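Consider the two complexes below, in which chain A is the common component and chain B and chain C are the respective partners.
On to the complex of A and B.
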């Protein structure tokens, strides 16, 4: 009985601090608490990120200078933004495979619409946002109203968008677009004391992070997580599943649009820009402790995943490892990360998850009733879990 | 009337419709879709994707995915071509070695998914990336040489029907038999439908999933062998160029198999593969822009699966209406169908037992 009543508390105790924990790690004298959190699947990514960053600094001390740290963040910005967009879709229990195609489409659109005419920059930005919203709406509505699995919908839109943009543009790279458009991705405020420059991309990333964290703590974000956890329960609770999920797809396409605009500055206009971005984004999100299938994970987790992945690539550039092994290491890391969080989470959360599922099945809101009901079922499933592990 | 047909029948009706429309379109250009040469082209186009899709059906029935197939195919083509190295006597050892290596990769996928509890998407993406890293590091271009005796496998045929397609259909028949008639097949459906329910019913739910992953990798290996036989060499990029991972998943779903596992059939998948092959051939004959082909493929995937998804819900209601306490179950089923199709199977299991 004591263990049963302890579960809801332990759920709260685990989820609440880990959400704020990544932003406030600097506080406090609670070393044991830190250790426990560091071994947590979400904490381990932060530890991994710190270890990788330290390794880079050891190999290349100039990396620690503010200027090159800023350039590092600038380089992470597109993938981090795409990962944050993908986070909203994944946490609602869906996939967005069309992101890479959207990035490519936006980059190619910029190349062909802006050209060298600086005055076209602003109107074209509106066109890009329009394309982003349209793709998100199609993905979302086909998933929710037509009930096509999002994996298939976004696979289809990926083929359609990529094929259409290549058909329209002929699949050839153009010369770089107007300089003021490229400045969004590569420019910045110069002559700042201490860090000498702040790239616009870093500011865009900061704005996207703030917006995403704010959204994820609004009722919208909570509902999205609830839908990913158990969409039937969320429906019973009165949430508009179709509209919330569609919004998540729109956010995802818009984030791909923002990343595309930044990438025009970094990489220029080329049909290979954005290729494979959907898998990199999903890798980053998963690395950050967000669970495929939905219902668990945070924006900051996805962000940490993106930074860890890019830091890993940077580290590999500094070491003698051949560039072609980058994929292999990325593959090994994501399997290890997910396996680790799976094993730890399963062990730690086996019981609490049982009580949560009992909770949603009976749609009971009263915590005392829940713990009383879950008491008989908990030991049996816990025992089975031990056998399975 | 359409509602009473099962999804597989619907897939073949769709295939016939595509064939009729295709024949009319092709005849407007003064050619014949059903000329022996063209039939041969369509069937040849089916065989490689067919092998991959048969394996992909197995893992999808088990509620997993296999994104590593393109790299398994490339690796298989290289292994085979290098082992054969132009010698007739090495054909059989090379094929056996390829099967063994691909089975090991499948075993790794299966163990990651079941024992370590890694989502199939992540596990096979990770294994695929590892294989890609290995291939990119160790191979700069095509290698090995396939002897003429093995090239015949990809090149010869009986009348307009290529040998490779016959082998592919034979494999489909064997796998279909395994799925429908053996314990392994039943357990795979059960574990894919709902692993928890399967486990509580006394099924060792991990074994069928591991078996499905091994089957998928070996099937991808067969596809790699076929490609090696056609090319005459092994190539490190032959799998990823064809995007066989996503296309095979699309073909499986087009064939009416539910992406969340537990429901579907091999013959549906073969129908889906055939639809893709006919469309591809049609667009080639009509001289479509290659980029426009992707647009058409993408639209076909979304529209077809949207039609199935709509129909499948109706079909389920009819099945439940025949059960004694139908209305209750329908009431339970509806919110599930709104959100997560994967949980429908739970309802089915409980419904059939109630």
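On to the complex of A and C.
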């Protein structure tokens, strides 16, 4: 019940001085600080990611080459973008289960509309954006104005979209679309010094990250978190809950659209592309420390979650684990990681109730954990709640 | 209020998560789905699924020249034992009732379109005048209910059943048989021989033998093959793999297998990772969905094309032609969707039909490739080259536009 994000502005003011205070720490303190951060639920996923990446490099040293790394980021880009979209919805306390269906719909739409005609690439991109906005609006307005739980709404849109697309396309692609459309997800700038090549997908991902981080630090993002934390309080504070949430759904569908465009290039047009993306995205988001039910989490957390998840899949490809065992191992690692953050959060919340003083100290160090990007979520740690008590 | 809401949310997530798993298990790109054959998967799963007797039989059947008209493969039969059907001979228009497992993948969709065109054609003869279809959507319980509905209220003159799974559907098929009306089972089998005829292509072992033999012939001992499989526990798929794995092992081919659910994105990741580990000389697939993205993974990594076996889906045949790679397209006979209705007409006419109607299943080779590409010009990528409907009245528009009835 320690709702903390009610006043985003005050939070920011509070975190600023603590950052400057950080620089005065000695080396020993800093080491302790690093250790403490690694054990932090938000840090643990970073540690996990690093461990997995190191394991992959040990098994296959060529993975560390810039070209391989770029290809890895290119591959993670679609799921990372979808996870970022899902983050906005989840942090506002809702779910978007229609993302996978939107990805499939966009992929199949491209397959059907672009065909071999390169000149159709740009007009079709506009159509896709239109579809994305429309789905997001339906999801958002039905959730907020009609007060249907987003769970049901998006489950419904998922089925409607899937059914409609199967009906329209007969469940198969006519053919892969024109090569210039596929280049967006498959190609890149070649002959770049040092790193060999930069896939376009990596640049798209970078743009999405920048936009999402910026949005999450704008009043919009802060209001979204506040709504997820305590919708009633946010309403009393004067936020337009319905519009903010609807925007989150639109962002989510648009991110699924971007992922769809990349997947057309990466994988090709096929009705199974995008299937299950909503759950992969939710898993990534939760793994990245974003709390189901809303009110806590960061864009970069969701991003890290997505990278960790994909790195895990890659690691399992590099090991000699029997094919039948892989799902089980993935599941176990995900549960362990999420359970760990759950336990630590619970313990910390308990601690925050017992001793206020230690906790304000903890909080003051906290914002530096992942520097700027964690600022929006910092207030939601138990410590901040304690301060406000 | 928030704390009160969260457990609800959590439960909801669990429920949706669980149903997604169930949906995944039932949702496959393979024609014939039987979730869970009993044995849990393990390292030696290919041995668990191996059946020497069936393997030997299918091995032989691959080389048998089928009986029947040469230009109508859907009426050909391999080593048939004919059964008497005179008890069903009767005049007048008949209504068939079709309990379909699903149309949830391109293979089944293609077959379903062909079957409906066949029905239109047969109506002209005045024997089969009507067909009522229920789609079980990959669900055993739904299919059992469908069959029971047909028995009690369907007003059916005969049944066509494409079982969703072998053992679960068996009792319902037996109940249908007890109505003393003809029952025709096709695609996947059931554990009873009460049906008048069971129509199917040779089978999974034959697929595994054809494909692995092709790779072995074109590769050297010690070469690396990546096996891309849809999902575990489906018996037809497991049989394909069991035969291939056995032969790869005997030929000293280094093979590693993955489950991809036929998702091209997943296939691309898996193949890219294997190429990052080291060179790959061959790709084997237990169903051709997503084959193109496996080939593209080689292109993107700048490696030589592998020797590859996919399926007779046009996307693969077209990529094969374009790249001129060394490849083979095994076939899980799609034209078998025509045969049940034709069999029904024969049965009502009192003509003999085989008790087990084994249809040919011959792969498309490099020599046949151009012919099959020509015959299927203008068809969508997800269309199956050996769909066998060229002589039906709706050809080619119905398949080109892919109008799913």
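The criterion applied here is as follows: the second predicted complex is superposed on the first by the 318 of 389 C-alpha atoms of A that agree within 3 Å, B and C clash if a C-alpha of one lies under 4 Å from a C-alpha of the other, contacts with A are read in each partner's own complex, and residues count from 1 in each chain.
Here, a residue touches a chain if its C-beta (ideal position, glycine included) is under 8 Å from a C-beta of that chain, and two chains touch if they have at least 3 such contacts.
Small disclaimer: the values here were computed from a predicted structure and weren't measured.
**Student:** With everything superposed onto chain A, say whether chain B and chain C fit together or clash.
**Tutor:** Here the two partners, once superposed via chain A, clash with each other.
**Student:** Just chain B (first), just chain C (second), both, or neither: which does A:157 touch?
**Tutor:** A:157: touches chain B, not chain C.
**Student:** Once chain A of both complexes is superposed, is A:207 in touch with chain B (first), chain C (second), both, or neither?
**Tutor:** Touch partners of A:207: none, neither chain B nor chain C.
**Student:** Regarding the shared-chain residue A:314, is it in contact with chain B (first), chain C (second), both, or neither?
**Tutor:** second
**Student:** May I ask you to decide whether A:146 touches chain B, chain C, both, or neither, giving the answer as first, second, both or neither?
**Tutor:** The first partner, chain B, only.
**Student:** According to the stated criteria, A:62 is in contact with first (chain B), second (chain C), both, or neither; which is it?
**Tutor:** Second partner only.
**Student:** For A:329, is the partner it touches chain B (first), chain C (second), both, or none of the two (neither)?
**Tutor:** It touches chain B, and chain C stays clear.
**Student:** Given the touch rule stated above, what does A:235 touch, chain B (first), chain C (second), both, or neither?
**Tutor:** first
**Student:** Should A:134 be classified as contacting the first partner (chain B), the second (chain C), both, or neither?
**Tutor:** neither
**Student:** A:54 contacts which: chain B (first), chain C (second), both, neither?
**Tutor:** neither
**Student:** Going by the clash criterion at the top, which of the stretches 59-67, 77-85, 113-121 or 167-175 from chain C hits chain B after superposition?
**Tutor:** Clashes occur only in 167-175.
**Student:** Of all the chain A residues, which ones make contact with chain B and with chain C?
**Tutor:** The answer is residues 95, 97, 149, 151, 155, 167, 171, 232, 279, 282, 292-293, 322, 324, 326 of chain A.
**Student:** Considering the complex alone, what residue numbers of chain A touch chain B?
**Tutor:** Listed in rising order, the residues are 93, 95, 97, 142, 146-149, 151-153, 155-164, 166-167, 171, 227, 231-232, 234-236, 241-242, 279, 282-283, 286, 291-293, 322, 324-335, 338-339, 342-343, 346, 384.
**Student:** Can you name the residues of chain A that touch chain C in the complex?
**Tutor:** 1, 3, 60, 62-63, 68, 71, 75, 78, 95, 97, 149, 151, 155, 167, 169-176, 186, 229-230, 232, 263, 266-273, 275-276, 279, 282, 292-293, 295, 313-314, 317-318, 322-324, 326
**Student:** Note which residues of chain C are touching chain A in the complex, please.
**Tutor:** Its residues touching chain A are 1-3, 5-6, 9-10, 12-13, 16-17, 20, 24, 27, 29, 41-43, 45, 103, 105-106, 109, 229, 232, 257-259, 261-265, 267-270, 272-274, 276-277, 289-290, 292-293, 296, 300, 315, 318, 380-383, 401-404.
**Student:** For chain B, which residues count as touching chain A in their complex?
**Tutor:** Per the stated touch rule, the residues are 112, 116-119, 121-123, 125-134, 136-137, 199, 246, 249-250, 253, 259-260, 289, 291-299, 301-302, 305-306, 309-310, 313, 335-341, 343.
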